[in-house]
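Two complexes follow with chain A in common, the first pairing it with chain B and the second with chain C.
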Partner chain A sequence: MVDQLQVDGLRIVASTGDGGRKTIVSDVSFSIPRGEVLALIGESGSGKTTIALSLLRYVRRGCHIASGSIRLGDSDVMAMSERELRSLRGRRVSYVAQSAASAFNPSMRIMGQILETTRIHKTLPRKEAESRAVELFRALALPEPESIGSRYPHQVSGGQLQRLMAAMALITEPELVIFDEPTTALDVTTQIDVLRAFKRVVRERGITAVYVSHDLAVVAQMADRVVVLNAGEIRESGPTAQLLQNPQDHYTRELMAAARPALGCAGEGVASESPVLSVKDLTAGYGQPGKDGRPKVTILEAINFSIPRGTTLGVIGESGSGKSTLARAVAGLVPLADGTMTLSEAPLPGEMAQRNREQLRKVQIVFQNADTALNPAHTVARILARPLAFYHQMDGPQRDRRVRELLDLVHLPAAILDQPCVRLSGGQKQRVNLARALAAEPDLILCDEVTSALDTVVAAAILDLLMELQRELKVSYMFISHDISTVRAICDDVLVLYAGRIVEFGSRETFSAAPFHPYTDLLIRSVPELAQGWLERSGHPPSKGSGGEIAPGLCPFLDRCPVIIPGQCDRVPPPWHHLAAGNSVLCHHTQDALAGERAMDEGARSPRG
Partner chain B sequence: MFVKQLYRRLGLSGCLGLALAVLWILLSLLGPVLAPHGPGEIVDYEVFLPMSAEHPLGTDYLGRSVLSRIMDGARFTVGIALAAASLAALLGTGLGLFSAVSSKAVDESVSRLMDALLSIPNKIFALVMIAAFGSSIPLLLLITGVTYTPGVYRIARALAVNINQVDYIQVARARGEGRLYLAVSEVLPNMVHPMLTDFGLRFVYIVLLLSSLSFLGLGVQPPNADLGSLVRENMSGLWEAAPAIIAPAAAIASLTIGVNLFIDSLRGRR
Partner chain C sequence: MTTIVELLLRRLGASLATLLLVSAVVFLITNLLPGDPVQEMLGQAATPEVVEALRAKLGLNEPAYLRYLHWLGSMLSGSPGVSIANNMPVAELVADRLPRSLTLAGITTVVAVPLALLVGIVAAMHHGTRTDSIISGLVMFVVAVPEFLVATVAVLIFAVKLRWLSAVSYAPPDPTLAEFLETYALPVLTLSLVLVGQMARMTRAALIEQLQQPYIEMAVLKGASPARVVLRHALPNAVGPIANAVALSLSYLMGGVVIIEVIFNYPGIASLMVDSVTNRDFPLLQVCAMLFCAGYLILVLLADVAAILSNPRLRK
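Now for the complex of A and B:
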């Protein structure tokens, strides 16, 4: 077969701030036969995006391609003039960026932006280009393909925008498409739709593509061949099936292990003791409360749960489900509209101003993004010393000693004490973030997506650390995540949020087998498996966009539910059903129906698979 | 060793800026002592002489040494502008920070007050004040300082409001920290760099405002003269391309460019 793209001995060098040089990609060679998809996989900093961009002969400021050859079809990309490069970019090689939301211009209509490349390269007259765009919209399973182009970027959802971006890349029928982590920022339920759409166009049109990702499971669905990168070097490469079944390199195996968090290391809760936190009928939202006492926008409604001492409660749901608002409400950052909270048997006021220092100390919050959660102007020592001084009135050598102990607790070297936190790596920052919460000696730590921004290997280490700390310190966690496998791995109890309501609650064992709430089922089934062909086998219906408003009280999942009972679900508020495994679901279906639904579906699917 | 480190930190343009800024600060401190002649001393009967070994920057419209006049006048321009820019920066940053962490009512009233100040054209304000009280150095300092406060305030408040949303502030707030701690320890350190850049800009504006007031004859009064007055005095030398008018104009330019180069190179480096 003819190689569409051939990269040989690529070396990219960056100049560091103080005049030195650093090789960020060294001796990378690979080739892609026409019509195949090659995946570049690795952690952040592995050089995968740098390599992908270099295929356009584009490097970020301060970097340059030191040596190597890049051949696209018959032409030598490295030998091209500036003018030839311009006709290469967008026309022969196109790029799909990670964040479609920031890649679209918010003040221009979508169609205009999609047709831009055809206009610049004069490949097609406008009329024809438009009809080809509509054709692409249809191929990418976008709703209302005829008219979606006349909308503005903020009027479509994140998953749709990502697909529109693919349409933009495909409109010139390029010889090579570069997908740079196109689904990383999406919810699992959205990701699966986008992956399916991508896969279909790639296969139908025989597109040659480079797919950049950190997620092996996603890559397994998309790619024919995989190149594993670490620190700018190729660790291993080969056909996807071979690599998944028989990884040769130590690093590849590490990646695969991290992709599947081990079950069974959750803390042992002492059920007899009183709960650390219990929440009753919590309702919260944003904006000035109206006449009925409800906030302008209600985010959370009728939330009930309790967390026993030394255990972990997992909160799971897609973006916009109110997970973070729940953490902020417990921390007192979002006022309650209704409901009560109890902390260690004493009432906990919803307003932060009414809490005393003890109550503030006992509940600590750890934010998702350690980059913004640590003040860039402060050193590590200062960040850790402040809560000690604030809550425990420590100073002098006693405080210094405690700061060192805390660093030790989160496995960080004391040498980083006097460094400003901007110099730390992502994992180190998250450890400092955690150490700051521990400094208060809290009873409960609210972990808001603490591993979501980290690489899989680093995230796995942070999860281990969390569990270790729980065993040692008997601290409780509320662990918020959108990743059900993480939640299943470390949490004792799990609650599933959808549109601000709890739709299912149970211990983690109940989340390993059906029956589930239909939404939980959708969540679990949307997580890509580390096996080729999973995307084709998983045959759930594509989730529909929410149509109209759902009347208060009715099932919030109504408009996306695959097993809706017409006449009942859309009329009567759903009851709580307690299932045999111990979980409770907010659904009209009973145990048998939910279990049967799943079994039936699987039965229907297996012959096809 | 030290120079090398400095070069690495600031880069070429930063070092150049720093050198110019230091030169002007030294001149403003030591100028009167180092000047070859007194500022009022008539050194030659020829006016608007070109550059020569005897008179490095020629002579002015009365035959005085231009070099000595500039060395003597630098302290007025640099001194007043520095003091006024600092005044504006302190007032503006302090008020902006205060507004950002205060309640909505306080924020609104301070902001509208600043808007009112902003609506007065600064040259007209300066003219009115000078007409009412007569020109004096403390008054010039106060006028220029106050007219540039609302601009600083606007930027400081916007910055502080933005920083106030960031997670680390939320963390500190969730810890139960008071407003003063939030403002001074958490928000302020992250405003310093942009505010310094702004300071450079204000400094330049103030130098230009002072120079234009002096050019109109309303700034520093004879027998003293700042750089702006020097330009005005020697206007008639323009037709003879005398260094007497070019030199003070170049002095203003090198001062403002130097300060900006230096401050720009500070930005984004920690």
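Now for the complex of A and C:
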């Protein structure tokens, strides 16, 4: 077989701020036969994106390729002039970026950006290029293929944008396509559609590709061969099947272990005690309330739950389901349009301005992105001292001592006290972020996607820390996540949010086996399994979502539901059904119907991974 | 489409409201200025009776709010009173000076804006290189040097030493090209130097911010040439901040050119306003102030329109 791409002894060096040099990719060699997909897998800092970009001989600011050879077909990429490079990029090698939302120019129409490559390289006259683009849109299962190109990037959804970017990469029929974490920013239910679309075009067109990812389960679906990277070096490489079944390197095994979170040791809450927080009929949204007292845009509706002391409530849903708004409403950042909250048996005002200092202290929030939640100019010591002074009036040596204790709690060395936050790693920052919340000695911590921005191994360590703190401090959590396996692993109770409504509630045990609400079922099934062929086997129809308005009161999931009962679901508001396992679902289907649906479907599939 | 119109109407309404507010402030402040215009006109020798008679004639004895309303009405009807200092209708005085100021401002705009954009774009394209440092250094230098120094040195070199140009800028009614150049070369040069510096810096900053966005990396990876990356991708997204910087700089041309008008003895509206302050010529002063404010608001409005039209999210 002919190798389409050959990389030998690639070494990439970055200049550090203080004039020094650091090797970020060392001695990397691999080759890709024509028509195969090779995956580069590793965590952030592993050099996977740097290597992928270097195949276009492009490096980010401050980096350069120190040595090595890159051959594409018959040409030596390292020997090309600037002009030759321009005719390589986009024409012979094309790139699909991680975040299509920021990789599309916001002020140009999508079609213009897709055709730009054909115009720059003069590969096709405009008319033909346009019809090829539409053909690609069809192949990638995009809605309204004839007209979607005339929209602007902000007018299409994230999953569609990612597929449009693939169309942009494929329009010149390049010899090599680089997919750089193309589904990482997407919801699982969207990811599965995008993966399907990618897989289909890659197979049908015999595309040679590099697939960069941190997610072994995704890679298992897409790649023929896998290269495992850590700290800029190759740890292991081989055919996907071999690597999955028989990983040689301990780092590969670590990655695989982190991909399957073990069940944590939650469930120590004392149910007899009064709940730390209970929420009744909460409705919240944004914008000035209208005459009916409802906000302009209602985000959350009729939310009821309570969190027993010392336990964790998981909140799960896709982006846009209202999970962050729920955390912000409990924190007092979003006013309630309706409903009441009770904190330790006393009413909790909806607005932060009306809460007293004790109430503020008892509810703390930890945001997803520690990079933006912590003031980059402040030192760790200053960040932690502030809540101590504010809530506990501590100062002097007493406060310094407490700051050190807090660092100890989150397993950070005291040496970082005087460092500004920008110097810390992502995991360290999230620990500081958590320590800041702990400084208040809260009863309840609202964790909003606290591990989503972290690598799997680092995220697993943060989850362990959360559980450890709960055992020691008896603190309660509201743990918001889009990742159902994480929620199942650490939460006592789980509620599933869809379009601002709770569609299912139950203890975590009830989430390990059917029956579920059809939406929960879709969520669970959309999580890629660490097994080749899962994508082909998982048989649920692509989620559609008509985008039409659903009348208030009716099931919010009805336009995507695979088991919709016509004449009932679209007419009558769904009731709450309490299922035998203890979970409750907002659905017209009964226990037997939901279980039967699942069983039938299960039977048609080959056994799970 | 309706949303743009709606948005523009709202901006226009806000501008008019601002103008009304400013008119009140201008009226208030001019009435707080020390010195009595009547006393100023008649001189020390005037008897109290004469002063009182003139006050009554000019309506200065009425309560302030009535005078304000009168004034507002007269401005809206296009005849904003008579100059106290030389008894000529204010409208006539302004009509004589305003076109000259607008000519100077217009020529300076035509010269300075393209030049500033060019300098800013070149600097941004070479961001971080020696070319950028040299351009940025020069621009900083030009911004830092006060315009009266530039003007004086320019007069010294081109008018006094080289005798190429006249030190006084006064255009005859129908100038030939040579006369035109001779009249405007020095003031336009001086003004452009000041303005180009500010606008080029803002253009560079706005472009560099865009050049760090992921979509620029994407354009490079599609094989786009550096010129295409900057002009086709980055520039349209930087129109908003650039237009605002240009508007702010140009608004300086309306009122801030006093020094230039004085040095080159150019009969523009800024020197008219300075004269009106010295003479306590309230009607004239008020109209000048309102004109500057209106000019400023028009420029900012235009910048907003440019920003809206360049942004598909706002444009809808």
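Methods note: the second predicted complex is superposed on the first by the 601 of 609 C-alpha atoms of A that agree within 3 Å, B and C clash if a C-alpha of one lies under 4 Å from a C-alpha of the other, contacts with A are read in each partner's own complex, and residues count from 1 in each chain.
Quick note on the criterion: a contact is a pair of C-beta atoms (placed from the backbone, for glycine too) under 8 Å apart; a residue touches a chain by one contact, two chains touch by 3 or more.
All of these numbers come straight from a predicted model, not from anything done at the bench.
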item	value
Partner chain(s) touched by A:Pro552 [first = chain B, second = chain C, both, neither]	neither
Which of chain B and chain C A:Tyr58 touches, first, second, both or neither	second
First (chain B), second (chain C), both or neither touched by A:Pro347	neither
Contacts of A:Pro387 with chain B and chain C, given as first, second, both or neither	first
Touched partner set for A:Asn369, first chain B, second chain C, both or neither	first
First, second, both or neither for A:Ala331, with chain B first and chain C second	first
Partner chain(s) touched by A:Arg357 [first = chain B, second = chain C, both, neither]	first
Contacts of A:Ala377 with chain B and chain C, given as first, second, both or neither	first
Of chain B, residues touching chain A in the complex	8, 166-168, 170-177, 186, 189-190, 192, 270
Contact set on chain A toward chain B in their complex	18-19, 331-333, 352, 355, 357, 360, 364-365, 367, 369, 372-378, 386-387, 390-391, 420, 422, 436, 440
Interface residues, chain A side, partner chain C - complex	53, 56, 58, 60, 86-91, 94-95, 97, 99, 102-108, 116-117, 120-121, 152, 154, 168
Contact set on chain C toward chain A in their complex	213-215, 217-225, 228, 233, 236-237, 310-313
